[in-house]
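Naming follows writing order (A, B, C and D), and every chain is counted from residue 1.
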Amino acid sequence: MIQPEERLIAAIARLILDPAAPPARHIAVGAASAIPAAACWLVKLGGLDVRLSLLHLQRKNPFTEGTRELFDLAGQGRIDLFFLGGGQIDGQANLNLIGTGDWPGTGARFPGSFGSAFMYLTVPRTILFREEHSRRVLVPKVDHISAAGVSAPGVVRRGTAQALVTGRCVFGFDGARFRLASVHPGETADSVRAETGFDYDAPAEAAQTPDPSPAQLALLRGPVHARMAATYPAFCRRVWGENAA
Amino acid sequence: MIQPEERLIAAIARLILDPAAPPARHIAVGAASAIPAAACWLVKLGGLDVRLSLLHLQRKNPFTEGTRELFDLAGQGRIDLFFLGGGQIDGQANLNLIGTGDWPGTGARFPGSFGSAFMYLTVPRTILFREEHSRRVLVPKVDHISAAGVSAPGVVRRGTAQALVTGRCVFGFDGARFRLASVHPGETADSVRAETGFDYDAPAEAAQTPDPSPAQLALLRGPVHARMAATYPAFCRRVWGENAA
Amino acid sequence: MAFVALADLAARVPDGALLAIPPDNSLTPAAFARALVRRGVRGLRLLGVPVSGYVCDLLIGAGCVASLQTSAVSIGETGLAPRFARALAAGTLQVTDATCPAIHTMLQAAEKGVPFMPLRGVLGSDLIAHRPDWKVVENPFASGDPILLLPALSPEVAAFHAVCADDEGNVYVGRRRELATIAHASQRTLVTVERHFPGSLLDDERMAAGTISGVYIEAVARAPRGAWPSGLLDEYEADAAHLTEYSKLARSDTGFADYLARYVTDAVA
Amino acid sequence: MAFVALADLAARVPDGALLAIPPDNSLTPAAFARALVRRGVRGLRLLGVPVSGYVCDLLIGAGCVASLQTSAVSIGETGLAPRFARALAAGTLQVTDATCPAIHTMLQAAEKGVPFMPLRGVLGSDLIAHRPDWKVVENPFASGDPILLLPALSPEVAAFHAVCADDEGNVYVGRRRELATIAHASQRTLVTVERHFPGSLLDDERMAAGTISGVYIEAVARAPRGAWPSGLLDEYEADAAHLTEYSKLARSDTGFADYLARYVTDAVA
């Protein structure tokens, strides 16, 4: 049986490999991003010639210049693709990692902006990922902007969100607006619309998010699982069970 | 017999220890500066609690951040005293390390400005040292300013030259003008004036630059020589002979 | 430079100090923070470089902290920082939000001795409106190109936990070079270490590359396993179970008081 | 990343490239420079980081260089750089003078991906009048405080000689961290090394601290004693006698031609 997480991993892998997007030669993955990290391993072990920089590895930390190096790499244009999420995400792809209510989060407080305000403008491609797909998260307008989805004319910006992957669907982003790309099994165009707080475009008929192929599943459950186990033990247990890869 | 170099070393040591000057807790010495380096060792081995950062040591390089670290240290205000020289030096303590004639040195070309343009304004105390004392070197106005001796009002500057030590004399510098402090044996107020291209103040009677004390000479010829031998072999042979310290 | 006792190192942090601290898994000074709680320091203005974790939450919970500047607060896999959240909700903690590279940049400006440094990105973020100390200007080298300028930030005190120190005060941090920038930028740097290094760390090319010169270090104290419950490079791994226990206990006032009594107040380190 | 032959590494430098090179005793790529002479590269725009020495004088003498930006040119104890002086006097070399921290700062701006960076000092120096690319502005955070802004400088190619490289292209430079900044700032980085390192330099905390990640490195060639006649860290010392011989021979055209024939053109490395 295909796990929902496996389908999300495969969906992100498909976005990474999108031939219409700028090339992904170097992908960085932030901390606590099990599903994006697995998608990166999937494309790499599937044959894509790509460099992965995974943050907060216990072993083989790729950075020898400290925690600043990731941001310098991005500033130099050496990171092609990054992943971001948000406590709130709105229809302009703005991300709120601050909180709700008055600044700095008198309602719910989110963890803080991390590097999002910088990375979102500096990296050519960002894939947004948030498993929870509800009107609480996907809002008409975020309470506070940690990282801006679109920029005023004249602002130096290398790229915007490429897409938003949630537990219900995949949205594409054209630099201004989201458009429903596919719905996961069990969802429909209407069920997605009902749970989404922001407005977006949609085709007449919603496509289905494809299942991972048997080859992808074999990769995921074997070598990808093996590379994820040390960094994401709880995630691996939940998705792939107690057995070591 | 006291060597002329030993007298220059002792004169610089006296300037380092000048109680009227801001404290010298950390002194940096550039490359190819044997006499200033020896003066620093003399005050340190004589008991001053001072940190010495000597550039271009083959062993025990004090910098673990590369060649930028000296300049960052100075920018942070962690270097109290530095030494500079110049192909030309003028009465406003301007230094020319570029050359004579048109820019960038169509007459005589000097090596270049190194870090002088930065260090001179950033370090609270600079002792100028140039063994050749002639109208060729000590000029009314330098052809080009590598590093400015005085600054316009409003320019952030931590200090200026404290003094200029030459093969003939010691000049003090009050932030605007040189004043003859002492003449070395064999020189007089008149002989110095004759060889100096810039105007300066002088007392009615010129003091004599003191000889190093017997204790200083013992330090110089023993432990100071020992610490200098690896970095300045030619200098040590010339001043202290072939015998190892 | 002489080694001092951990309590004496903690005594060197004055009440109200602007104190820079690296987060979990970045050589965080956990034993030192527990010593600060025992010393009863008050009114700290914490700076997370560039984010904050267990040490920050602990100091907030123990009433040591007046304000916090950071890019995020997150502990362990869950990310929950209960004492931070509670103090923020109670209005007893003033929080200034930043973004990671901005904190690095402000420290780099201080490291370099310049009053400001530019940073790309960030424009359009509401962070800027809440940072009157940050400025957006036109790039003087181009036209119609707004860019963010960040002021230099020089912490009064920096503290971190390194692997070892020698008698010259040189401390070894391996590839975690951000600690060097913190030390360069700060007016005073206090360091705990696992152990004493015999000889000079600058004599061995391999050790020197991961060493911060003693020129920046005011004092060092031995604190074996001093990053615990965080991990330390290849020395030991993070104690995830303890961090989970902390997050659980810290959810309630009584649980946090229990935690302090068991692991901090009555402990020797 | 695969190791390539030294000649193939030299072939990767196009005529006219802006080439950044560290000076004597800073991991200078001397064997690589001799290979560039053999390849017959022309029109190089050299950048001394932050000054220049033997490699620069050799390339100028061999007719490879159109222009030079540097903070000083100096070889060995005498400081004489005969081919540089001669080319300058002959008007065949365009020289742009800088000051050491300005070159570091321009590279740091490129490393950080910002268009400029400020630097204290320098004001009052005639360097500024001869650098139309440098700007003095009012510090936006204060009034009546002029400060120098330097533009980012991203060399097309950087070259240096490191101790070793592994199969991932990671290269070890020990405590000479300025090489990391050069590599970060440059679009392409070519490295010669004494030897191959088996395994990964990133796996050992002690080696990793002195390692530049392969992400910045385009290609590596083996060149044993590749810094000679300069020294290399604790591997070998500078050959002062050879540098003196070079300075003596390079004073005349025929002497320099002799030098090229004996040590460069007909040599294998």
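The criterion applied here is as follows: a residue touches a chain if its C-beta (ideal position, glycine included) is under 8 Å from a C-beta of that chain, and two chains touch if they have at least 3 such contacts.
The model shown is predicted, which means the values in this text are computed figures rather than measured ones.
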Contact-richer chain pair [A-D vs A-C]: A-C
For subunit A paired with subunit D, centre-to-centre distance based on mean C-alpha positions, whole Å: 41
Whole-Å gap separating subunit C and subunit D, where each centre is the average of the chain's CA atoms: 36
Between subunit A and subunit C, centroid-to-centroid distance (C-alpha), Å: 29
Separation of mean Cα positions, subunit B and subunit A [Å, integer]: 59
Residue list for subunit B, restricted to those that touch at least two other chains: 59, 61, 63-65, 75, 122
Subunit C: positions in contact with at least two other chains: 108, 112-114, 119-120, 145, 147, 175, 177, 180, 208-209, 211, 234
Contact pairs between chains, per stated definition: A-C, A-D, B-C, B-D, C-D
Touch list for subunit A against partner subunit D, complex: 26, 51, 53, 59-65, 69, 72-78, 122
Parts of subunit B lying in touch with subunit D, wherever the complex brings them together: 32, 56, 58-59, 61, 63-68, 71, 75, 97-98, 103-106, 109, 111-122, 144-148, 150-152, 154-157, 234
List of subunit D residues in touch with subunit C within their complex: 105, 108, 112-120, 135, 137, 139-142, 145, 147, 149, 151, 173-175, 177, 205-211, 233-234
Complex contact set, residues of subunit D against subunit A: 110-114, 180, 184-185, 200, 202-203, 208-209, 211-213, 215-216
Interfacial residue positions of subunit C with respect to subunit A in the complex: 25-26, 50-51, 70-74, 77, 79, 81, 85, 88-89, 95-102, 104, 108, 119-127, 130, 144-147, 175-181, 231, 234, 237-238
